[in-house]
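What follows is a group of structures, each given as structure tokens.
Same chain, two partners: chain A is paired with chain B first, then with chain C.
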Partner chain A sequence: MRRFVIRRVLQSLLLVWAVMSLTFLLVNIAPGGPDVVLAQNPKLTREQIAAIRESYGLNKPLYEQYVVWMGRIVTFDFGRSYTNPRQASQLVLERIPATAQLGLFSYLIGMLGIPIGIYAARHRGKLGDNVVRVITVVGSCMPVWWISLMVIIILANTIKWFPQGEGVGGVGPWFVNLVIPAALLSTGVLISFTRFVRAETLEVLSQDYVRTAQAKGLPAKEVNRWHVFRNSLIPVVTLLGYLLPALVSGAIITEQIFQWPGMGRLFYQSATSRDMPVLLCILYIGTILTVIGTLLADIGYGLVDPRVRYD
Partner chain B sequence: MAPLLEVRNLKTQFKSKDGVVKAVDDVSFHIDKGETLGVVGESGSGKSVTAMSILRLVQNPGKVVGGEILFEGRDLLKLEDRDMRKVRGKEIAMIFQDPMTSLNPVLTVGRQLSEPLITHLGLTKTQALKESVDLLKMVGIPNAAERVRSYPHHFSGGMRQRVMIAMSLACRPKLIIADEPTTALDVTIQAQILELLEKLQAETGTAVMLITHALGVVAGMADRINVMYAGHIVETATADELFANPRHPYTMGLLKSIPRLDEARRGRLEPIKGSPPDLLDLPKGCPFVSRCEYALPQAETIRPELRQVPAEADGGRSEHWIACHSEVKMGDPPVHEAQEVA
Partner chain C sequence: MSQTSTPITATPGAPLVTPRRKSQSKGFFTNGIVQFFSSKLNVVALVIFVIITVICYSSGWISDNIIHQNRDDIDFNLLTQGLQPPVGPGVGGHMLGTDELGRDLLVRVLYGGQVSLSVGLLAALFSVLLGTTLGLVSGYFGGKIDDAVNALVQIIFNVPSLFLLIILSLFFSPDILSLSIIIGVLSWPGGTRQIRGQVLSLRNREYVDAARVMGASNFRILFRHILPNIISTMLVVAGFDVVSAMLTESGLSYLGFGISIPIPSWGNMLSGSQLYITGAPWMVYAPALAFFITVLCVYLIADGLRDAFDPRLRER
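And now, the complex of A and B:
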């Protein structure tokens, strides 16, 4: 187990390096870049642009930039933002609490999919199950941004329940402003959990060992807890890890739509203004989160399923 | 003395969109205390459904639609779910066919053995685990004290079936239903498991209902044998009587189709021609009529009831019943060719 964890952590570090190198390359060969932004400004002279380029180290060959950049990101230094005199990493770090708040909250809402999935499986073919199935299918067919816009139009304009735009202080508005974006951000996770848990539970319900447990005369509660859910929820552990980064990537759209002052919105702004240091910093965090999610999933799987062997 | 278990006119049906499948149709039999009843028949003959009906574990869309299942005088079909749970595992235990899938993969063997002990006998976890070790020893698993902490995937198929047997014995039930307990095992392991079952039965005095499609399995072990076909019992007799003097053409067909080591070679084995009838569309008369070489004209329209015929083995004292209009014996020349079944 310990050897497995050490090996997987080392692999993960390698993976982060590979992903970041590729990202660096892609960002730098993409058309545009800081030059375009700078050149668009008519007040800047050639000399000024050259000076700015030099101050960012952009006049050096790409491989040199890469080596310097790699050395710096290890200490979480992404250099200055192109659009703001401050450090890119600082700009990003400021935004993390808002995104974490939204992400955690929507993750919790998403986990409601577990009881919903169990409910649907246990009432297979009945009304409740059919309602769940229709909603999950329809829900997974509609893009989140579209649902979000519809919800804003209905809640803010049609029935005027909730304010439009950024929230004001106080616990009440904070909750209201958090709940709706979080609920919408969670739809993907919620639907994944529901469908996954429903399918797994149905699968386990038809297993021979569930019949064995019943034939032993165990109460239904025991049968469900130790023989059905104990097995059907194993893959959910994996899903919990894999869906972790989806909340950050999903937040890009949701935060933009709801003008949530988080990392996702900053990412969108940086992408449109070609603020590479900020962009790379957010991608770095996303990469690390993905790798951690996968790592946790792998380790968690081994903890809940005795059949998994680490060697 | 009243029998331990008496099944009367049991009917279990499965509703499907094509119609009603009469998996068990008007089946009556009994099991005495300490007795071994063999139930023989091919796939789909209703053996397993009969067993699941006794424990009331028939899964949807199946349903017991009629009859009585008297266990020590109580009708199991009329019990509350709560009381039925107290019968399962405690009074009547079951061993299933496939030991590879019948144990929960994520719980230790000790834990799974403990469950019925805790539920039915009120033992504490520690007591139950100690008892589990004894149970594993009883079924011949070496290092039982360590093995209780192992998971099912650490055991081979034969060992897992031993665990299943240990589990069924946990609460000293009065009846064990073994549903094809050796079918998924290879032949040497089959013999070991049957020997073990027989030994434990002798020690504990429980009755066994041994379900199998292999006559060879019941030959050595069963006191009496029910032969089932298309949801009906077509012949019932003591094991000695049935093998010496089969009277139903289906039983004769089964016996002719298995190789015998104790007799001179008879040449080719004879299969039973045709295939079993569609349970959705059973013939009006005898279900075996289209495959029968001895069928009388009335078998087409009148379903034969079980009737007693004179027994030859055991000095003629035992009972022998068949559901057949004909009076034929093994070796009689066919009356006609079996009809071709589409």
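And now, the complex of A and C:
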């Protein structure tokens, strides 16, 4: 187990390195990279361009730029923002609490999918199950921005209000402004949990040991508790990890729609102003979160399921 | 030379070669298709999808002959006339009304549909081509190639793709083709994993061994003996790829980083629509509804295909 964990951690570090290297390459060799942008600006003289290239290190060969960049990334230094005199990493770090609130909240709401999935599996083929299945199918075809738009239309045309930004003036307004975006952001996670738990529970229900337990006369409650749930919830651990990053990328859209002052909104704003240091910093954080999510999922699975052995 | 073997002397009238006995079973693929069409929901979804596709792809003809306005005129020339109060549905011959630039919404919804569908279908095509090739190769050859493909899969799985897509869109100013390629390149790993798993189990079957013993090349084995067995999986993967590509495209375009205006797509027609939700809600309803119905149809088709081709699911 220990060796497995060490190997996976090393692999994860390698992954982060690979993703960031590829991004560096893409950003620097893509058409429309820094050189083209500079050349298109008519106000800049040749000397000024040379000075700018010098100050950002663009005149050095690519591999040298790469080494310098990698060295700075390790210390979480992405350089100054293009639009703001401050450090990019500082700007991003300030926004993390807001995104964390939103993400955590919607994660909690999304976990409601676990009981819903169990319920649907236990009542398979009945009305409740069918309603759940229709909702999950329909919901899979509605992206977050689509549902949010519809909810905003309904709210704006009925109660003439919808959440915008961070509520000011105490816990109440803050909560009201948080809960609707969080619920909308959670739809994807909620649906994933519901379908996954339902399928797993159905799988376990068809196992021989469940039939044995029923045959020896255990009451349904006991069977469910000791034979079904304990086994059907094992794979959920992996999903907990895999779904973590979904919230971060979903946050771009949700935060932009509801003007929530988090990292996603900063990403949107930086993208419109082509503020590369900030964009790369957020991409870096997003990649690390994704890798950590996968890592936790793999390790957690081994901890929870005694059948899994690492050698 | 021919003392032991008796020469084949054909009795007149008898065929020289006995015709190959036709198999009683119609085959896995045909069975799956029959199964697919036996569900009413699948048929309805397929029919609606085909109708939507045909109408969207004839948007140019419809705008010329029914609206009597050129589609590209609507997109490019009317841009210059500046902001105008949007007109409601049915007013002034505009069946769905107009948008904030006075452009006919029906034409834009249809044209936008053509763009959105094209991105979905093309991206799925790229993703399936790439995913199948890599899945075939990595499953069949194993070893270093497999490791390399797995590493690539891991890298792409761990990139927060929406972030990367937005960053990339800053460099490419996406049109239909480039956006499809980017989305396709970021979405093949799921399919590769499924196909690789299947190839792993197929490559050790007796008929593959038999082909190898008879001297078939790897290329021939892959294309004649293994590929036909994974076509059903490819179809299902492609279906879900269309769904996810359309969702991705719409999200990107909604944020303003997808298909660049003035070319409409169902996503970018809705970007900035928050300004009009109380004044001119019809501007939101038409593209939003068209998008949802289309994605739902594709999803149902893909889901139906999966059920039809997966015998394990069929029993449930």
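Methods note: the second predicted complex is superposed on the first by the 278 of 311 C-alpha atoms of A that agree within 3 Å, B and C clash if a C-alpha of one lies under 4 Å from a C-alpha of the other, contacts with A are read in each partner's own complex, and residues count from 1 in each chain.
FYI, a contact is a pair of C-beta atoms (placed from the backbone, for glycine too) under 8 Å apart; a residue touches a chain by one contact, two chains touch by 3 or more.
Predicted model, so just to flag it, every value in this text is computed and none were measured.
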(request) Using the overlay on chain A, decide if chain B and chain C clash or can fit next to each other. (result) fit
(request) Identify the partner contact of A:A213: answer first if only chain B is touched, second if only chain C is, both if each is, neither if none is. (result) first
(message) Quick check on the superposed pair: does A:V67 touch chain B, chain C, both, or neither? Answer first, second, both or neither.
(response) neither
(message) Output check: A:C141 vs chain B and chain C. Expected answer is one of first, second, both, neither. What do you get?
(response) second
(request) With chain A at the apex, figure out the C-alpha centre angle toward chain B and chain C and round it to a multiple of 10 degrees. (result) 70
(request) Name the chain, either chain B or chain C, that contacts more residues of chain A. (result) C
(request) Examine A:I153 and indicate which partner it touches, taking first as chain B and second as chain C; both and neither are also allowed. (result) second
(request) Tell me which partner A:A51 touches in the superposition: chain B (first), chain C (second), both or neither. (result) neither
(message) With both complexes superposed on chain A, which partner does A:L22 reach: first (chain B), second (chain C), both or neither?
(response) second
(message) Applying the document's definition of touch, where does A:L10 land relative to chain B and chain C: first, second, both, or neither?
(response) neither
(request) Could you say whether A:L104 touches chain B, chain C, both of them, or neither, answering first, second, both or neither? (result) neither
(request) Just the number, please: smallest Cα separation between chain B and chain C in the overlaid arrangement, in Å. (result) 13
(request) Pick out the shared contact residues on chain A: the ones touching chain B in one complex and chain C in the other. (result) none
(message) Residue numbers of chain A touching chain B in their complex, please.
(response) 207-209, 211-219, 222, 226-227, 230-231, 234, 304-307
(request) Please name which positions on chain A make contact with chain C in the complex. (result) 11, 15-16, 18-19, 22-23, 26-27, 30-33, 137-138, 140-146, 149-150, 152-153, 156-157, 202, 245, 248-249, 252-253, 256-257, 267-268, 271-272, 274, 279-280, 282-283, 286-287, 289-291, 294
(message) Taking the touch rule as given, give the residues of chain C at its contact with chain A in the complex, in rising order.
(response) 151, 154-155, 157-164, 166-168, 170-173, 243, 247, 250-251, 254-257, 270, 273-274, 277-278, 281, 284, 288, 291-292, 295-296, 299-300, 303, 316
(request) State the interface residues of chain B toward chain A in the complex, per the touch definition above. (result) 55, 57, 85-90, 93-94, 96, 98, 101-107, 115-116, 119-120, 151, 153, 164, 167
